[in-house]
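Both of the next two complexes hold subunit A, though its partner changes from subunit B to subunit C.
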Partner chain A sequence: MDILDKIFTLLIFPGGLFLLILGLAYEWVDRKLLAQLQNRIGPRWFQPLADVIKLLAKEEVIPEGVNPWLFIGLPIIALAGSLTAALYTPLVGLPPSHSFPGDLIVTVYLLSLLTLCMGLAGSNTLDRFSLMGATRTLTQLFSYEAPFMLSLLGPAIVVGSWRIADITSYTENHWLLLSQPIGFLVALIGLIGKLEMPPLDAPEAETEIVAGAMTEYSGRGYALFRLAKGAELVVGLTLVASFYMGGMANPLLFLLKTLLLLLVMVGLQTLITRLRIDQTVGLWWRYGTLLVLVQWLGMIIWKGVAS
Partner chain B sequence: MESKRQDERFIIPIGPQHPALKEPAHFRITVDGEIITNAVVRLGYAHRGIEKATESRNWVQNIYLVERICGICSHIHATAYCLGVERLAGVEVPPRAQTLRVLVAELERIHSHLLWLGVAAHEAGFDTLFMYSWRDRETVMDLLENVSGNRVNYSVNLLGGVKIDIDNQISDTIREGLAFLEERTLHYLDVVSNDMAFLQRTRGIGVLTRSQADVLGCVGPVARASNVPRDVRVEAPYGAYQQYPVNIVLVEKGDLEARFIVRLKELLESYRIIREILDTLPPGELTTRMPRRIKEGETISRVEAPRGELFYFIKSNGTDTPERVKVRTPTICNMLSVLKLAVGHQLADLPMILAGIDPCFSCNDRVAIIDHRRKSPEIWTWQDLRQYGIEYYNGHSR
Partner chain C sequence: MRLNGHFLRNTMEEIKTWARINSPWVLHFNSGSCNGCDIEILAALTPRYDLERFGIKLRGSPRHADVLLCTGGVTLQQADRLRRIYEQMPEPKFVVAIGSCALSGGVFQGCYNICGGIEKVIPVNAYIPGCPPRPEAIIDGVYKLLASLKPAERALEPSSHEYGDRAEVNS
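Showing the complex of A and B:
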């Protein structure tokens, strides 16, 4: 019975299938809201699902000059990465299904796996748009990764534990958004960068490099990458919302807070022009990282004074 | 293969098919990392042989043919053609018809500039501005439909006049539409000159100095954004522009921001002209008689298309078909500036620099053969062309 329960957790709910569907639903919310704010109608509710089904049914063209194992394997690893990360996060307001001390670090790295896989997938091909896209993807990874991680470690310092379950049980009574506004902002923008959403979508800027690292992917591989992105969107929103926005004790709060966060992200997507890759790097290393470090310093001093 | 790629330069092909291009053209962009070190263009993918086709149609049929050179500025092509033919025939067009031509030309300029605003914003990754400006463009397209019956290819011109007329009801509709558009244009002017994120992508990017613009022979808004006072409506007013003078819009800086500001300010100027026309539209006939055969002779006509100076050379041999119609569209004049400006900029800036001239590739594609080895026959037969094609591709095959 225990085994069945575990398999259910892994494959159906809250991980696996449920997470994939939730990811598609959030992708739809994102697209629909963006469309509405841009004075468009936007897709119907089943469009992301329809896209994925269509992509899965399409022939996957493996271009010449690539390593076929990498080409097929990378999307699977990316999807596995974001699905695994979900196991340590308090999805739908439930406590994480797995937990151990230090799982925050593991989760953050699992979340980076998607970007890493996309970068590798791009540099695996001979296509020039892919190569440019891969370079930009990895450049962007190196620029937002450190501040994003620092911003997630901020709450960990306050709680004194690197275990997500501990942090969320603390934040249920504390809105860290108020005491660490910079960390929240950096985490939010870091999430946009991680998911390569506008305005930080230079790695897949279609008017310059077509689809960036994803240019050569057509069928199943592309579908898996999209599913992984959807899952990562949910996991990322859950992490940021539960850390900074007063935790989430039940599914209703989960929906409310993640959707609110998504709305803010869509607002940023609507209002801001795409940044060039050098501007992105500048943004993170000139402002993002420094501000988070300053906040960190303040927190450490405050802790020292208070104790 | 890997080792071979290393000593080759890294060339990014933009086009013939590419999301940044609305029409086929081929740019070979050599990059060093993100920095462009060389840019080469190859045009001609959409050559349609319209100039040659005019020679097998009569003078009236050609109006409808030249209107189709450009889908966006169709009216101004027909106007340039009609002005030339009317001058050859020695026919004076009634003042009301001339004024109506200017009215439609300015409406078309509004439509073209709003379209450009959206495209340029999209190239920068600012899709919100793209969607909003294209929504507002619907207003002016509805106005054009109201005036002429068509949203594109308005087909307003006739040889010797126009075929539309406007009454009070239509002019009220136009005034209403303009009031809305003016409010929106002021808002966009505010956005492109104050939105910090957008300015990061436009301010100081693609700076074309005044002397460069002069030397490269830029025309239209690109030249005016570099403070070169070049506007056919002002320099050589044609048609009713003598009665409705245009205030030239000049900006000094020459960067992408300046190109945005020039075009948006020109919109405001167009609104002013249209309002003035609606207030003081002269009464009278719409058409005058036109001979079927045009007297022998040749002429040029220059008009200001939304993208810059449009040039027509028309030669008649006294029959009912032209002997030669030569068209030079503004894009070809501005294309050099793209190649010049691209070098040294980042790859991410290229789509915007290209969009900055408002390129219209299908309009500018021409055949120009310069071959010093041949004994330069002036007329190429079909066999000559075929032989040339075979030799060309044998010589260029990889």
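Showing the complex of A and C:
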């Protein structure tokens, strides 16, 4: 029975199928809202699903000059990373299915696995657009990773625990959005950078470098990367919503909160044009990190004074 | 048991066809056009016509594309590039020839530097006439191509084998 329960956890409810479907649904919401804001009708509700099935059924071309094992393996590792990260997060407001002290650090690292895999996948090929996309992906990884992590560690300092379950049970009664607005903003924009959405989509700018690191991927590999990105979108939104917007809640309310966050992200996508890669790095290291550090300092001083 | 296997395979095929019809990603290639047709293609991709309703998206990479939109008669220099772009696309792939020049060479037919229409170089699945065709005509052409993928109408699809032979002779 225990084994069956574990298999169910890994493959169906928080782990596998549910997360993939939720990822596709969020991708549709993102595209539909973007279309509506651009005065278009937008894609039909099954569009992301049709895209993924079509890509899975397509021929996979393995270009010359790549390491075939890496070329085939990297999308699988990326998807596995995002799916594993979901096990430690309170998806749809339910308690995380697995938890141990320090799982916040593990989750943040599992979330970076996708970007790292995309960077490696791009640099694995000989194509110039892929290489340029890979360079930009990794540059962007180094720029947003520190502030994103610092902003997720802010709630951890307040609570005094590295466990996601502890933090979310504390934030249930405290909206950290009010006491740590800078951390919230940096986490949200960091998520946009992580998912390479506009305006931080320099790594896959289709008007400059075709599709960035994904240029040489066709069929299955590209489909898996898309699924991984959808899963990461869900996990990232869940983390930000549960840390900053009132912890675990009624599933419906929680979904509404994540959708509200997605709406803010889509608004930023429509309002702001793409930043150059040097502007992205400047944004994070000149403003993002500094602001979060200032907030940290304030929090530590306040904690010292209060105790 | 064998019947079940057959049923399963049929269902899989149907799901695949459904996905292909609903998510055609296009790639645009100009092999010597006067840019009239290209501008009409771009017009078809604008929010006014909103092709994302049908799942049509413009991709930059031939590796992601399902449908190759070709414009213009093929110049001798572009013939090799056109063939290479076509070969870089993963199966299943479809080609749409857009505009009079892509159909037959148009006003450039018989020029010293023109091979003729797209079909002289690569197999074509759908032809959209016009000089240039309106965006509505382009959308209609792509839609008819996709409708021909449905099993009931598959008999109407031109066999790519026949065109492949012609391409061999003419290239």
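Basically, the second predicted complex is superposed on the first by the 307 of 307 C-alpha atoms of A that agree within 3 Å, B and C clash if a C-alpha of one lies under 4 Å from a C-alpha of the other, contacts with A are read in each partner's own complex, and residues count from 1 in each chain.
Keep this in mind: a contact is a pair of C-beta atoms (placed from the backbone, for glycine too) under 8 Å apart; a residue touches a chain by one contact, two chains touch by 3 or more.
All values reported here derive from a predicted model rather than from experimental measurement.
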Q. Counting only touches as set out at the top, which of subunit B and subunit C does A:P95 meet: first, second, both, neither?
A. neither
*Kindly classify A:E59 by the partners it touches after superposition: subunit B alone (first), subunit C alone (second), both, or neither?*
second
For this session: Classify the contacts of A:V210 with the two partner chains as first (subunit B alone), second (subunit C alone), both, or neither.
Result: both
- So, does A:Q38 touch the first partner subunit B, the second partner subunit C, both, or neither? both
Review point. What is the contact status of A:P251 with respect to subunit B (first) and subunit C (second): first, second, both, or neither?
Key: neither
| After superposition on the shared chain, which partner residues are touched by A:G219: those of subunit B (first), subunit C (second), both, or neither? | second
Using the touch definition from the top, say if A:G267 reaches subunit B (first), subunit C (second), both or neither.
neither
Based on the superposed arrangement, let me know which partner A:D201 touches: subunit B (first), subunit C (second), both, or neither? first
**Prompt:** Which partner does A:F46 reach: the first (subunit B), the second (subunit C), both, or neither?
**Reply:** second
Footprint intersection on subunit A (subunit B / subunit C) at 38-40, 129, 206, 210
Contacts from subunit B onto subunit A in the complex sit at residues 1, 10-13, 18-20, 31, 33-34, 121-128, 131-132, 135, 195, 197-198, 200-201, 346-351
Within their complex, subunit C touches subunit A through residues 15-16, 18-20, 22-23, 47, 50, 52-53, 55, 59-61, 63-64, 66, 88, 90-92
Listed in rising order, the residues of subunit A that touch subunit C in the complex are 31, 35, 38-44, 46-47, 49-51, 53-54, 57-61, 129, 206, 210-211, 214-219, 222
Touching subunit B in the complex, subunit A uses residues 37-40, 65, 128-129, 132, 135, 198-199, 201-202, 205-210, 270-279
